[in-house]
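In the two assemblies presented below, subunit A is common to both, partnered first by subunit B and then by subunit C.
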Partner chain A sequence: MEYARMKFYCDEHRCIECDGCSVACAEAHELPVGIARRKVITINEGIPGKEFSTSIACMHCTDAPCEQVCPVDCFYIREDGIVLHDKEKCIGCGYCLYACPFGAPQFPREGIFGAKGAMDKCTMCAGGPLETNSEKERHLYGQNRIAEGKVPVCAAMCSTKALLVGDSESVSAIIRARVSSRAKGASNPLVWDKAYKNQ
Partner chain B sequence: MKKYLYMFIATLALASTALAVDSQIWGEMRIQNILGYGQEESLKLGPLFTMLQHQYFAWIFLGVLIGVPGAFFLHYKIIGPKVFPHSEKKYYAFNLYNRIIHQIAAISFIVIVPTGFVIVFGDFFGGGMFVRFCKNLHGLFTIPFTIVVIPMALMWLKEALFNLDDVKWFMILGGYLSKEKKPILAGKFNAGQKMWYWVAILGGITMILSGAFMFFLDFKMEMLHNVTGMSQIDMLRAAAIIHNVMGFAVVALFITHIYMSMFAIKGAVQSIITGYVEEEEVKILHSTWYKKLKDQGKF
Partner chain C sequence: MTNSLGDIQKSKAIIIFGANPAVNHPVGFQHFLKAQELNNSKLIVIDPRFTKTAAKADLYAQIRPGTDIPFMYGMLNIIFKNGWEDKEYVDARVFGMDKIREEAAKWTPEVVADVTGVPADTLIQITTLYAKNRPGTLIWAMGLTQHTIGTSNTRMAPILQLALGNMGRAGGGTNILRGHDNVQGATDMGCLADSLPGYYGLAAGSWKYFAKSWGVDYDYLVKQFKDASWMEKNGFSLARWWAGVQNVKSDEKIENAGTPLKALLVFGNGITSVAQQAKIKEGLDNLDMLVLADPFVNEAAILTDKKDNVFILPAATQFETSGLVVATNRSAQWRYKVVEPMYESKPDQEIMFELAKRLGFYDQYTKGMLMQETKDGKLETIPGKTNFTWPEDATNEIARIIKTIGLTGWTAERVKKHTDNWHMFDEVSGAGMGPMKGEFYGLPWPCWTKTHGGSPNLYDTSIPVSEGGMGFRNNFGLEKDGVNLLAEKGSFPKGSKIETGYPEITKENIEKVLGITLSEEEKAACGANWKVDNSGILVQKCMEAGVCPYGNAKARAIVWNFPDHIPMHREPLHSPRTDLVAKYPAYPDKANHFRVMTKYISVQSAQDYAKEFPINMVTGRLVTMNGAGIENRASKYIAALTPEMFCHIHPDLALKHGIKNGTMMWVHSPEGTKIKVKAKYSYSVLPDMVFMPFHFAGYFQGTDRTGNFPAGTKPYASGESVNTVTNYGYDIITQIPETKGGLCRIEKA
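Take a look at the complex of A and B:
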C-alpha cells in the first residue's frame, strides 16, 4: 500500500499573523512556558509589498537532518513522513537543533545543573512511540489527533485557513485551486524547498 | 588562580541571565537563522555539520579508539616496554602543587573521555538514562579541569617550549622504535610530552569553550557575533564541529599519554605520584636534562 506523504503548507497570501496556531498548539498539548512548537514569523517587516507572515514549526522534512545527526538515534520517520522522536531515549545534546534549518527543536531546562532536558518539537499531533492515546504519551508528546482521524490542531484552528496540513496531493490540490483563482504566479512558500526538496 | 575562577563564574552567571532575556535561536533571530541556512555566500555550517555528524564523526572516533591502542599493543608485543632499574638515585622533579594540579586534570580526563565516547556511540548504548547521566558527568567534570588548566599551563610552560632537541627526537620518534637504551636528547619534557602539553592545554581550552557553547546554547555575546560575523546558531554549529575534531586529537594523545606512562616505560607513572624521577630513566630518555642536573650536582 502506498502511504500518503503528510506535509505542512502555510499560504503566505493568507496568513494574518494572528498567532492562533501557536496558541492553539501550546494549549492543546499543555506545553510548558518557554516552549513554542509553532511560531508565526514575519519576513521583510515594514517593507511595503514585500512583507508577509508565515507559520513555522517542525516541517517533517524529507531526509530529516535531525534524524541523521542524532547520536542516540531517537528519531523515527513514519511511513506517512511524520518525523517523531523518543523522549525517553533523547539525551538533550542539541545536535538536532544545529542540523535543523528551521530552529524547530527546543530544550526545556531541567535538574539542578540546568542541563538541557529532552528535546521537544512539533509532532504533527501524532504523539510519540508510546502506546497510542495513553496518558503517558499525552503527557510527554501531547495529543495524538492523527490517531483519532483529526486534523492537527494548528491547522484546524487557523482562521484564514492559511495553514494547511495533510497528504501532499490534497494540499497541492487546494493550493492549485487557490493560485488559479488568484490569477497570480504560483510560488513555493518560504521553507517548502528546504523541507521537501521539491518532491 | 582565584581570578580565573571568578571570571569563569561571572561568565556562567552572565550567560544564564542573557539566556532569559532574549533568545538568539527561537526569538526574533529565528528569521535570520532560517533565511541564512545553506545560503550561497555563507559557510553552510548547517549542512556541513549534518554531513560530518551523519557520516564521519562516529567512525573517526571508532578508528581512534581502536587504531591508537591497537598500534600500541603491537608496539608492546614487538618492541616491548622500556624497563629501568628503580633502586638507583632519585630526583624530586614534581612538587606537591604540580602533582595536585596534574591529578585534578587527570581525574577530569578519566571521566570526560570515556563519557564523551558514550555520547558519540549513544545509539550503541541505547540512549536514555545511562547516556544522559554520562552527558551530565561529561559537563560536570569539565569544571575541575577548567579550574586547573591555566595553572597547569603556567607551571610547565617553560619546559614545554619546543627547541632543537625536539627535531632530533621526532626524527627517531623518541627512540621508541628500537630496543636499545641509547641516551635520547630531551629536556625535562621530550617532544612527545610537549606535544601532549599543547594539545591538552590549547586543545583543552578549545574543548571547554566549544563545550560551554553547546551547554549554555542560547545566550548573547555581542562581541563574539561582531568578531566572527556569525549568528548564534552558526556559532553552535561551528562549536559542535570544532568539539568533535579537536576531540580526535585530544583522545589520541590522551591514550598515548596513558600508554607511555603506564605501559611503555615501566613504572614511569610513579614519578607523578611520588614526585621522584629515577636516575636511569632520566639519563636515557631525557639526556639534556640529565646533563644539566648532573652539572648542578643534583644526582
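Take a look at the complex of A and C:
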C-alpha cells in the first residue's frame, strides 16, 4: 500500500507577503516571540520584475539532513513523510541548523550567552512523539491538527492559497494546473494542437 | 463596487488606480491572481509606489501623486484617436461624452508625461493593453479619493469605463474596494454628515418619510434641533469636527448656529488616523466631555491632555454580538454571536440604548422595531408586540424603510438562510444552486422585493430586472439643455415591457409609463414615488413589467451641479510642481463646507512650498494592520512583525541627507508640525518621495505619550502618527482629507 507523502509548496506567483501563515502559526502554537517556525521572505523588494515573496518553514525533506546529522537521534520521520523530533531527547547542539538548507530549526535564546534550549520547528501541525492531543504534547509541540483531520494552520490561513500542503501528488497537480494555464488562461491552454500548429 | 470580487475572475484586464489590494485586501486579491491564471487577464497598476500589487502586475506606471485625471484623460486621448471607444454604448447610455472628448484632446501622451511623470510610451502601452482586452474592470481605493479633487477622480474612472463600454458587464465595472469590515453597511446606514440612512439626503420630505416610518411625529424631530432649517444642513464631518470645538484657534469661519462643539462621542472610530493630528489634539483638549466606546483604548484618550471628563467605555467586539453586515459587493451576511460579551463590556447598541434612556428618547428610538406596513400603505404597531428582538427586528426595520437602494428583500430570515446555506452558492458568481436557485449570495442590493434574488452587477442590461438587471438611474431630470437624459431606444434591461429609456416610477406616472391601470385601492395605498411607497405596490408593478423602479437613464459625464462640470485636473494644494499650479489651480475657497470655511486656492497660492518642502509624501496601509492600528498593535505576534513606526525612503534621497538605514529621521510638514520616525531604505519609492504607514499612535511630535495608557492597556507597539504631518487639504464635495498627495521636508534626527 502506498502512503501519501506530505509536502509544503509555496507558489511564489501567488504569495503576497501578507504573513498570515507565520502569524497563524505563532498564534496557534503559542510560540514565544522570536521563534519563527514559519517566515515569509521577499527578495528584490521594490524592483519591478524581480520582486518575489515566498513562505518558508521545515520542508519535511524525504531525505532529511537534520535527521542524518543529529548526534542523539532525536528525529523521526512518520510514514506520511512528516519530519518530527523528540524535544526531550534534543540537546540543543544546533547541528541540524547547520545541515538544514532552509534555516528551519529554531532555538530559544535566553540570557546573555544566548544559551540554546531544545530545538523547535514546524511540525506540519502534527505534534510530537507524546500521547496525541495530550496537554504535554500541546505544550511542547503545539496543536496536533493533523490528528484531528485538519489542514495545517498556515496553509488554512493563506489568503491567496499560495501555500499548499498535503499529499505531494495532489499539491503538484494543483501547481501543474496553475503553471499550465498561467499567462495563457485555462480557456486557452497550450495543448498539442496549439503547440504543433502549422507544423 | 458595481460588481464583486468573484466577478473580477471574469475580467480580461484589470486596471488599478490608487489601491493596493495585495496588502489591503489579501484574501480578495486571490480573485485577481485567479483572473491572471484562469482568464489570461492582464493586471495593470498605476501607483506612486511600487506596491505588492504592482509586483504581480503585467504593466506598472509610477505616477506622481494627484495626477490620475491627466493619466486617464491621456488614456481617453489615445482611445478616441484610435476609435477604440464603444460608440453604440456611449450613444445609447451616456450623457456628455463630447465634452470629455474635447478635454481629452488636450491631453496628448507628451503633456501627460510632463504632468504625471509617466513616460509617453508606458501610457500608450497601458492604454492599448487595457482597451484591447475587454471586459476590463477598474479598481480604486483611497489613492483616488483622498485628494482635494477626490470627487473628480472618482468621476473620471467611471467615465473611462463608460467610454470603453465596460460598465454594467460581467468582468467589467468600477470596483471600489472597501477598506474595513462592514464599511459598505455603515455607508448604507448613513453614518455620514450629509444624509439620512439609505442615501435619502436631508430634505424635509426625507425627514417626513423617516418620521412616519419610525412612528414619531415630524414635529417631535424638529424640536430636537434649533429650528427646522438645521435639519437640512450638512453636519460637521469626521475630517473637520475639531474646527467647531470651543477655543480652537482658527481663522476659518464656523457656521454652527452660533454654538461651538462641547462634547464628542466616538464609537469605534480611530480618529487618531485622520489628517491634522495637531488640530485634532487641540479639539480634544478643548472639549467639555469626551466619550470613547471601543474594545481597545481609543488613542484619542492618549493624545489629549484633557484630564477630566474623559470616559472610556468598553464596547464588545463583533464576536460578542450578532447581526447583519454588508460586504464590499453590496451583499448581506448574518454574523452570529460566538461568545457572550466578556467582563463588563457591552455591545454598541446597548450603550446607545442606555444613553437614549437617560436622555429621554428611548421609546421613540426603538419604536420603529415594533411597527409594520399594512396592505393599504399605512403603518401600524404590530398587534400585541411590546418588546423588540435584537437584532432581527432592527434588520427588518431597515428592510421595511430603505427603498432607495433596494433593501426591501433583506429580511433577517432571508439573510440568515443565505449565511446558513452558503455551500449552496457558486463561489465565483454567487449564484444559488438547489433550493437557493434564483438568488445570489447575500442578496446584493438592489434586492427589490421579498422574493427578488439580488443584483450581482449594477447597470447590467443583459439580464432581466427580476434576475438583477437594470439600466442607469434616473436621478437628474429627463433632459438637459435639450438633450435626452434617458437611455435611447433599444437600451433596456432584457425582457422589459418598455424598450427604451424611462423615468423613475412615481404614483403619478406609473400608469402612463407602464401602460397599466391601478385600482382605486392601489392608488390610495401607494406613496408619492417608489422610494417612499410603504405599500410596495409601485415596485411590485415594475417587477411585473420587467422595469427598474429607479428608471432607465443615461450615465452623466457632465455634472452641472458640481464646481467642475467635467473632471478637471487641479494640482494638489501642496504641489511639487509650482510651475503647473498656475495652469491647473485649486478651487476657490469654500465657505460653510460641512459648517467650516475650507481653504483651497488661498493655501495653494500662499507660498512656493516645493522650495522648502521638496519631497512628496504618501501614506498607506500595511498588511499587518488596519485603521488606527490599535487592535493590531495589541497583538504581540503582529507587533513583532511591524514593531515600530517607519518611513520608506529611497537610499539616494536618504544618503543626500546623511540618513542611514535604520536610524531616526525627522519629517516636517508645511503646517509646522513634525514627527520622528525610523528610516527604512526601500526601492519601492522614487528618490523624490517618502511613504509612511498610518497605523501608529502614542507618540506626538517626538514625545512619548504612552504613559497616558491606563495600566495594562498599552499596546506592544506605539509610534508617531503620520497624520501629524499630512498636509491641509480637503475634497471639494465630500471633505475627505488630502492624505495621498502632500509635501514634506526631511532631516537626520
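Simple rule for what comes next: the second predicted complex is superposed on the first by the 177 of 199 C-alpha atoms of A that agree within 3 Å, B and C clash if a C-alpha of one lies under 4 Å from a C-alpha of the other, contacts with A are read in each partner's own complex, and residues count from 1 in each chain.
The definition used in the following text is that a contact is a pair of C-beta atoms (placed from the backbone, for glycine too) under 8 Å apart; a residue touches a chain by one contact, two chains touch by 3 or more.
Treat the numbers as computed from the prediction; the structure is a model and nothing was measured.
Q: Superposed on subunit A, are subunit B and subunit C clashing or fitting side by side?
A: In the superposition, subunit B and subunit C stay clear of each other.
Q: State whether A:Glu27 touches subunit B only (first), subunit C only (second), both chains, or neither.
A: Touch partner of A:Glu27: subunit C, not subunit B.
Q: Specify the partner with more touching residues on subunit A, choosing between subunit B and subunit C.
A: Looking at subunit B versus subunit C, the one contacting more residues of subunit A is B.
Q: After the superposition on A, what does A:Ile16 contact: first (subunit B), second (subunit C), both or neither?
A: second
Q: Identify the partner contact of A:Ala147: answer first if only subunit B is touched, second if only subunit C is, both if each is, neither if none is.
A: neither
Q: May I ask you to decide whether A:Gln68 touches subunit B, subunit C, both, or neither, giving the answer as first, second, both or neither?
A: Touch partner of A:Gln68: subunit B, not subunit C.
Q: Is A:Ala4 touching the first partner subunit B, the second partner subunit C, both, or neither of them?
A: neither
Q: Which of the two partners, first being subunit B and second being subunit C, lies in contact with A:Ala173: first, second, both, or neither?
A: neither
Q: Contacts for A:Ser181 in the overlay, against subunit B (first) and subunit C (second): which applies, first, second, both or neither?
A: A:Ser181 contacts subunit C only, not subunit B.
Q: In whole Å, what is the nearest CA distance you get between subunit B and subunit C after the fit?
A: Superposition on chain A places subunit B and subunit C at a least C-alpha distance of 11 Å.
Q: Subunit A residues touched by both subunit B and subunit C?
A: After superposing on chain A, no subunit A residue contacts both subunit B and subunit C.
Q: What residues on subunit B touch subunit A, complex-wise?
A: It is residues 16, 25-26, 30-31, 33-35, 37-38, 46-47, 49-50, 53-54, 58, 119-123, 125-128, 131-132, 135-136, 139-140, 214-215, 217, 233, 236-237, 240 of subunit B that touch subunit A.
Q: Going by the contact rule at the top, pick out the subunit A residues touching subunit C in the complex.
A: 13-14, 16-20, 22-23, 26-27, 33-34, 45-48, 51-53, 159-161, 178, 181-188
Q: Along subunit C, where are the residues that touch subunit A in the complex?
A: Touch list, subunit C to subunit A: 22-23, 26-27, 29-30, 33, 36-41, 50, 52, 54-56, 60, 623-624, 635-638, 640-641, 682-685.
Q: Mind pulling up the subunit A residues that touch subunit B in the complex?
A: 36, 39, 41-43, 56, 65, 68-74, 86, 88-95, 97-103, 106-107, 111, 113-116, 190-191, 194
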